[in-house]
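Handing you this structure, nothing more for now.
Letters A, B, C and D mark the chains in the order given here, with residues in each chain numbered from 1 onward.
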Amino acid sequence: MNRLKVTLPGLELSNPIMPASGCFGFGKEFAGLYDLSQLGAIMIKATTREMRFGNPTPRVAETAAGMLNAIGLQNPGLDKVMTQELPYLEQFDVPIIANVAGTTTEDYAEVARAISTAPNVKALEINISCPNVKEGGITFGTNPKIAQALTEAVKAVSAVPVYIKLSPNVTDITEIAKAVEAGGADGLTMINTLLGMRLDAQTGKPVLANRTGGLSGPSIKPVALRMVYDVRKQTDLPIIGMGGVSTLDDVIDFLSVGADAVAVGTANFVNPFICPELIEELPGKLDELGIKTVQELTGRSHQYELANHRA
Amino acid sequence: MNRLKVTLPGLELSNPIMPASGCFGFGKEFAGLYDLSQLGAIMIKATTREMRFGNPTPRVAETAAGMLNAIGLQNPGLDKVMTQELPYLEQFDVPIIANVAGTTTEDYAEVARAISTAPNVKALEINISCPNVKEGGITFGTNPKIAQALTEAVKAVSAVPVYIKLSPNVTDITEIAKAVEAGGADGLTMINTLLGMRLDAQTGKPVLANRTGGLSGPSIKPVALRMVYDVRKQTDLPIIGMGGVSTLDDVIDFLSVGADAVAVGTANFVNPFICPELIEELPGKLDELGIKTVQELTGRSHQYELANHRA
Amino acid sequence: MIQKEWMTVTNQRNIANRIYELTVRGGMVASMEPGQFVHIRTGDSFEPLLRRPISIAAINPEKSEFTMLYRVEGRGTEVLAAKRAGDKIDVLGPLGNGFPIGEAKQKAVLIGGGIGVPPLYELACQLNARGVETVHVLGFETAEAVFYEKEFSVLGETHITTVDGTHGIKGFVTHVMNELPTDFDVYYSCGPSPMLKAVEELYVDKKGFLSYEQRMGCGIGACFACVCKTNDERDYVKVCSDGPVFPAKVVVAG
Amino acid sequence: MIQKEWMTVTNQRNIANRIYELTVRGGMVASMEPGQFVHIRTGDSFEPLLRRPISIAAINPEKSEFTMLYRVEGRGTEVLAAKRAGDKIDVLGPLGNGFPIGEAKQKAVLIGGGIGVPPLYELACQLNARGVETVHVLGFETAEAVFYEKEFSVLGETHITTVDGTHGIKGFVTHVMNELPTDFDVYYSCGPSPMLKAVEELYVDKKGFLSYEQRMGCGIGACFACVCKTNDERDYVKVCSDGPVFPAKVVVAG
């Protein structure tokens, strides 16, 4: 028995840990550091129909226990991802989750249709929550009706299961979760970054050329945990949780609030070996907690809700 | 000329720095540490019609560069605040901003009417954004129509200017800002805490008895800055900015994005002398920046927006 | 008078499994009393952010030094344990109200559990200095966690219990208390809530003072983080400023 | 091969106003080249969170040591400056592509500005070792910020400029460059973007290599934080993995 194995729509994960989209490029750089077959899965960088250069620089800024980014979905475009990036990853025994972005429903559908046919793409992650592009992205993620319609459009054309990536920049994230569930989503990934800003203290000028950016890293973990917890109460859809995961305790925390698997973003920049390290240490941690399989952890925080209500 | 002086509706501030509500009690404890007359103003703990015990403990938990609290608006109730807490503060030459909370519009109006008649209360801060109480609080802060109606109800009975405290847990904070402006608000205070959660790593049990709590401290500063920046673009209402202010640079940052004054919350727990220290160091900082008065700083970040658009 | 002072570490050593003895010097020592605590900023970054409450375990006014005994639990105490002689630490204190030592005339029983033991040490010292006989009942998890046995033994009859029986008597402090003569004026206790509750119930007819723990924000009474419900007309108290020491039977343990 | 290694500090000293010289030891040194950089985790907390890119200023393969020269700017370099001999630091490297030293046959001009000076030092050492004559033009803000003047002088003709004229020639590096004979094969430069641009324009007919700075996330080419537009068919490059050194006239400076 593999204690770490997790089975989700489209995905046979050897373990519940994977790099988050945008924090791992298309895998090549990390392939020079370790064997990518160790990973539960890989969420590749957002792919758009045409190549995008993204935003002007500076594109990153550090904040207290976090960072802001405004990359602006730079990527080589659908064709190159299909002909160069994905084939390169075929040498590894690891499922790819393709992150799809766009500015119109047609964009999303076109990329989803094509990229879902790649042999190693086992699921799509639809990025309706990128805060760093002027059009599309986040607007799809903040309106339940639009989110549902987009989900339907993508589901209609995708050859693999569809996970919708939720934005935390909303009043009620459970409402969006339920809308995309109604639209036929196979799963959820959450959370994307919180919108934030940093200034140069001397001049008052925003550090990012894009002025605002997406906040990620340990500072957002409490918000991410709360959102996964709330969404888990409202839906049985599988959830891949993320937001500040840096340590084994963080992995356990996300599983505890109800995530089925966990993605690691910013921490890859702090320690590029973080994913294989967490994967290696996870069984020892399960032993320490007296727990047999990863699934046993999923959602365990919710038992205290009942207990508290009774008290 | 007093370089630090700031004049806002109802408030003649000798300087733009004041403790934030809930992080300073009713001032008594800090009065044992320094002369409260040094402060620009004092935002006292939320007052409700009846006394409230608040939530069970634990009520606080630490997070990366932040903390969660779920105090639950514990306070002695309107009568005691009027007869004991506010009279005690009269010995200090400092305007009081009374933080008003409730679960119904009538509650808010009743407390606002009464407390606004206290001689040292120069303005009200209407807390429509407390994430830690089951009813009222945050629901008033997330729906523009309800927020506007509440503002109107409070304005109708208040003897002093009314500032509305905005919640960051919304999709579009500018929408709420515009709604309360339409409702007659004299100013805005922002931001209240972000909803978050922390678990005990061993058991998966939420650390806070209330399970979720409000995230404050340096970790939320990027989000707060972004929100003040966005709201400043949409309204000319005075803004008292807060969220993670811990250093002089933080004060400058909030003024730069468009706040007229700045409140310090969590940092009072880290360093109880933070407010007088910041006030004392502010003139030197202005010199260093080559700036004459605090007002010159307000909104200076917005100039780069134009410049960027031209580029 | 509460002060915030950069105090100088004069000594730090590891005295038991994860238990450290940290001695620091500064002017604040002059006004310290047994049972009070300090609130420490362990590092200089935003992580850990909040101060950590630690009891005053021994006071040496001549040398302007005081000692803390603490267990490494998480990030804050881990950072604290890295301090060396000469380092400066940011201390807020002395905080709260300590043990009323005047209540003991002839004989007192001091009952401590784990990291509740430290404040009882200075208390025992001061009681002995006043000619009060002290009996100490100190409970620990296991042999490796036991500390200050010798130091207490010098001052009076000392009983050690361990949950696993690896040192002293096997079991809880209450096992020993059941056997002790009850010819004492007053008892003082500090430890985890369930222990305090058990002590209170066992010594229901005795005068006693208990020191409580709660998660804290400010440590000075301003944030309402550390409240406990009470049986008296106050309805609630704040552990940081009204306590941490309360007369028995007042606090409804959380 | 990029490695992540806990390296041991062997020496650190303050050599000019806010400028530190930090030497560390470890296996990674064996594969370092001039112009490459390392990405350093300065502390062990979440604040500062990200690594900091610092150039390799001197390589000593025999002792398995390398030296960095850096200016204390903000929180990260402040934490780094507190390291003492014996401390361990978490280093990722060597990163990027360094200066192509084979391009210089007889004579090279090295132009550095401020904290762009460090990588030129190892370059100068290696060029000298190959019998290439090096001329150094090093620009600083003010006298107090000048460092490594003697070290460069030993290797070849060295011109120092300061913006305020408090040391060496008053003005920018370009003032000196205007006067220099142009009988060199190649120039190498590192410094702020405006300086690189000026150097590129002045030496428009010469072969040159420039080292760029950009805000970085990963430092290994995965996050797209550090891109610059280019004039060639690539459209853009990543400073961290395609650079930091690029042939002149390729990068459209940000």
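Keep this in mind: contacts are C-beta pairs under 8 Å (C-beta built on N, C-alpha and C of every residue); 3 or more make two chains touch, one makes a residue touch a chain.
The chain list, named the UniProt way, goes like this: A, B = Dihydroorotate dehydrogenase; C, D = Dihydroorotate dehydrogenase B (NAD(+)), electron transfer subunit.
Quick caveat: nothing in here was measured; it's all calculated off a predicted structure.
Peer 1: Would you pick out the chains that touch chain B and also touch chain C?
Peer 2: Correct list: A, D.
Peer 1: Find the chain most remote from chain A, comparing centres computed as mean CA coordinates.
Peer 2: Most distant chain from chain A: C.
Peer 1: Using mean CA coordinates as chain centres, what's the chain B-chain D distance in Å?
Peer 2: About 46 Å, centre to centre.
Peer 1: Chain C to chain D: how many Å between their CA centres?
Peer 2: Result: the chain centres lie 54 Å from each other.
Peer 1: How big is the gap, in whole Å, between where the Cα atoms of chain A centre and where those of chain B centre?
Peer 2: 33
Peer 1: Counting only residues that touch at least two other chains, what does the list for chain B look like?
Peer 2: Within chain B, the residues that touch at least two other chains are 64-66, 217-219.
Peer 1: Residues touching two or more other chains, restricted to chain C: which are they?
Peer 2: Each of 46-47 in chain C touches at least two other chains.
Peer 1: Examine which chains touch each other and state the graph shape they make (line, ring, star, complete, other).
Peer 2: Its topology is that of a complete graph.
Peer 1: Which of the residues in chain D end up touching chain C in this complex?
Peer 2: 43, 45-47
Peer 1: Please give the residue numbers of chain A that touch chain D in the complex, ascending.
Peer 2: Per the stated touch rule, the residues are 22-25, 28-30, 32-33, 45, 53-54, 56-62, 64-67, 69, 71, 74, 217-219, 246, 266, 268-273.
Peer 1: Quick one: in the complex, what on chain B touches chain D?
Peer 2: 64-65
Peer 1: Flag every residue of chain D that touches chain A in the complex, lowest number first.
Peer 2: It comes out as residues 1-2, 4, 41, 46-51, 92, 214-229, 235-236, 241, 254.
Peer 1: Give the list of chain A residues in touch with chain B in this complex.
Peer 2: Contact set of chain A toward chain B: 63-66, 68, 142, 169-172, 194-199, 201-206, 209, 211-212, 215, 217-223, 225-226, 229, 244, 249, 252-253, 256-257, 289, 297, 300-301, 304-305, 308.
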